[in-house]
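These are the structures, in structure tokens.
Each of the two complexes below includes subunit A, the first together with subunit B, the second together with subunit C.
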Partner chain A sequence: MKVVILDERCVGHGMCRLACPEMFELSDEDGHAYVTSETVPPDLEAAVDQAVRGCPEQAIVVEA
Partner chain B sequence: MTTVLTDRRIVSDIDPFSPEFRADPFPHYAQLRDLGPVVWLEKYDIWCVQHYAQVKAVLSDWENFSNAGGGGLTNYFKTKPWRRPSIILDVDPPEHGRTRKVLMGVLSAPALKAMKPGFEAVAARLIDAALDAGTIEAVNDLVLPFPLTVFPDAVGMPPLDRHIMLKYGGMVFGAFGPTTDWYHELMRDAETVSAWIDAHCERDVLGADGLGAGIYAAADAGDITHEEAKLLVRSLLSAGVDTTIDSIGLALRALVDFPDQFALLTEDPALARGVFEEATRYDSSSQSLFRTTLREVELAGQRIGKHEKILVLIGSAGRDPAKWEEPDRFDIRRKIVGQIGYGWGIHGCVAQMMARLEGEVFFRTLGEKVGSLEHAGPSELRLVPGLRGLARLPIALTR
Partner chain C sequence: MDSQEDLKRCPVDFDHESRTHASNWPTEFRELRGKCPVAWTEKHGGYWVATRYQDVVAMAQDDATFSSFKTFDPHSGEVTGGITIPATPIPRGLPVESDRPDWNMFRTYLNRRFAPKAAEARRAKVRKYADSLLNRVIETGEIDLVNEFTGPVPAMTTMELMGLPLEEWREFADPLHEMVFTPKEAPEYPHVIAGVQWIFKRCIETFHQRKTEPLGDDLLSYFAHEKIDGRAVTEEEMLSFCNNIITGGVDTTTALTTHALVYLNEHPEDYRRLQEEPKLLPVAREEFVRFFTPIHGLARNVSRDVEMDGAKMEKGDRVYLAWSAANRDPEVFTDPETVDIARFPNRHIAFGAGMHRCIGSFMARVMFEEMMHVVMVRIPDYRTHPDRARRYTSVGTINGWVDMPTSFTPGPKIETGLVL
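On to the complex of A and B.
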């Protein structure tokens, strides 16, 4: 599973970081979220999925 | 440059719980920001932080700045709490992550999408009725009924006696500041109100497809215990109604105060989301939070002892010129990145997306249906401890 953040949609609510702090960080520069790695380890897939469903801007996209 | 850690402190006699401060906190916030990043409030023996940077830093660092000391002025490390502590708000990780995850699950984006048509129908009905009346007292006639309908509907509560939730909200948020006669008066009904709330957290009282049922389903799945499910439902009932009533009311007043911004909304009702987002920064129900230190810490060069309370002024952070351009201007097209009005970090408002949805639906419907909007008398603040909100907002509106 791969995960990307659509930067033009992200406004830095930070909900993804709460759902899965291992995969998502917030930039100190512009406050937007970024992923710590594009590839999602299998044990974090459920948490990333929760981040996707929890993102109010639908700014997180995963590919199988 | 070296940082010199000092036991000297900036002391102020400002009283953040006084009626004068609460009536118009914004000049006082500016005064506090000018004093420094960390100020000692001698009247209550507490610290306060008022800049965006320190507010965010404190809220992000739960390992030093804990919620286990209680959400108000009362220090749970030193005094017994009035109710059994919340299992999501008053705890730190690791216990907190488990319960928070359950609430995040039931409040997911797809779940909220499903609620939207119901919210829209209620907003349309209330705004049509307001337009028919022409001149209304907007807090009680228009604003309050909206969250007080859609929120308990979403939780799956039965339709009777929902106003009791407002009494409970008063008790929860009233515990924030120093205890007053108002608070003691309110607490005289505590037993009845708490019993009603307790009864409405039970599974068999809640509908089969609401948020409450979703929380109990998580208990069935083994994510939490059934006793915890009940307490999580209680958390929803504590924090879900007063907060949005007050925030929508203040946002509506801002729109009446800034006719150019209201005109923008009527031209493009899609700006509704911006209305509520900007209002959450500009003037919103949750102005401050507390954190309690778990150990001696250093914050912006100030040494702070163990188990000391810090008043975190998120309302001031929303007006910090170091973070926001022209912070005192209400601008519904402002691009807000790093909203602080819902708190931040692991205890940031878990239902903030639902609050945003309520705000968006309310102001979109307003922008679509209402052509003119103006004051029809002075507005009045609800000067009770805890939340900031309006008691009265007389307005005149036309199609």
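On to the complex of A and C.
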């Protein structure tokens, strides 16, 4: 599974980090999210899925 | 029916500022969401009310169509636009009452100072204020939670962030709280407003003084020294930043923490669970933010004719985005009218949505956690008495408590290095 953040949608709610701190970091500049790696390890797939469902801006996209 | 009214579909008798709404808002919103998700009311000169999650998010994200821009003429008192209904005859807040491209400039200028790392760096100070405030009353067994704790902690944190002297915390905390619930016709209103104006006067004085000193860590020093778009920050802009930061951050965090503490007192099983699983606190925190939505709703100004969920909105119309209604939309949240402290994921929009989303949310989260921690550790058997407390008579802007008598088993003071 791969994950990307759509920068033009992300406004920094930080819910993704709450769901999966291993995969999502928040920038020290503006609080927007970035991923620590595009590839999601299998054991984090469920947490990344929660991040997708928890993002109010629909800014997180995953591909199988 | 004339054509004007034909256009304003779904007319309802609704006023988000009314007492009826304050006591009955979950029901009013449930009905609107089902029947008239974008409804028209004639109150306050006429405005739309949006209650569905999907619509509120769409409008907040479409900042080109739904503008926040405000103008205020201090001579005539005339106001246009802005994010409050009714419009308030005071200068605009920044960045909240600006549109792109200016908003980009203002927000970029502030962002770094509010990012997660900057908020986290203040955690120890927030803890110190909370502990020192509790020291004042811990030996008595009684506290007015709002006026002696959940109000002053955000006030002091904000003062320190701005660079204002902590000794003046009372003069700062009281008017900012009173301003939110004192009706404009009340005899004490002029006194409250004078108190708020005094705070802004202190901001102006400190701003000018900081210009004569080297760049420091506080925001007023940052405004005095750091250029915006290659030029100095004007006094007007500085005041608009202060206005937004102070009014956006103080009573909101107060309301959130008070509501959460009252709720936990009434739900001992949830309280016990949080004590046993402190790791759940951030998840519970987001649920409290969702359920209590301290900023009930805010306005936008329609900049072009547009149709929204069947409502034909016209250029110049105003619309109230009810964050609180969106946060209880059953299409998005299961069992939305109950608190589930383990609810996750939780895509609430109590901090707004789209580009204006709360810049202070990381600060608010730190303040909430520290206040909760101090209460749960130092006065774990606290008892709130909402039957003796007063709610705000209007929840239209902030949904909070005037006061909250609270009792607990007295305990010892602890050393904090700060005596209040």
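Keep in mind that, in the parts below, the second predicted complex is superposed on the first by the 64 of 64 C-alpha atoms of A that agree within 3 Å, B and C clash if a C-alpha of one lies under 4 Å from a C-alpha of the other, contacts with A are read in each partner's own complex, and residues count from 1 in each chain.
Throughout what follows, a residue touches a chain if its C-beta (ideal position, glycine included) is under 8 Å from a C-beta of that chain, and two chains touch if they have at least 3 such contacts.
In this text, all values refer to a predicted model and were calculated from it rather than measured experimentally.
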Subunit B versus subunit C as contact partner of A:G14, first or second or both or neither: both
Superposed model, subunit A: greater residue contact from subunit B or subunit C: C
First, second, both or neither for A:D28, with subunit B first and subunit C second: second
Footprint overlap on subunit A, comparing subunit B with subunit C: 11-15, 18-19, 30-31, 50, 53-56
Touching residues on subunit A, where the partner in the complex is subunit C: 11-15, 18-19, 26-31, 50-51, 53-57
Complex interface listing, subunit C residues touching subunit A: 57, 61, 108, 111-112, 114-118, 282-283, 286, 344-349, 351, 353-355, 357, 359, 361-362
Touching residues on subunit B, where the partner in the complex is subunit A: 100-101, 104-105, 107-110, 335-339, 344-346, 348, 352-353, 356
Residue ranges of subunit A in contact with subunit B within the complex: 11-15, 18-19, 30-32, 50, 53-56, 58
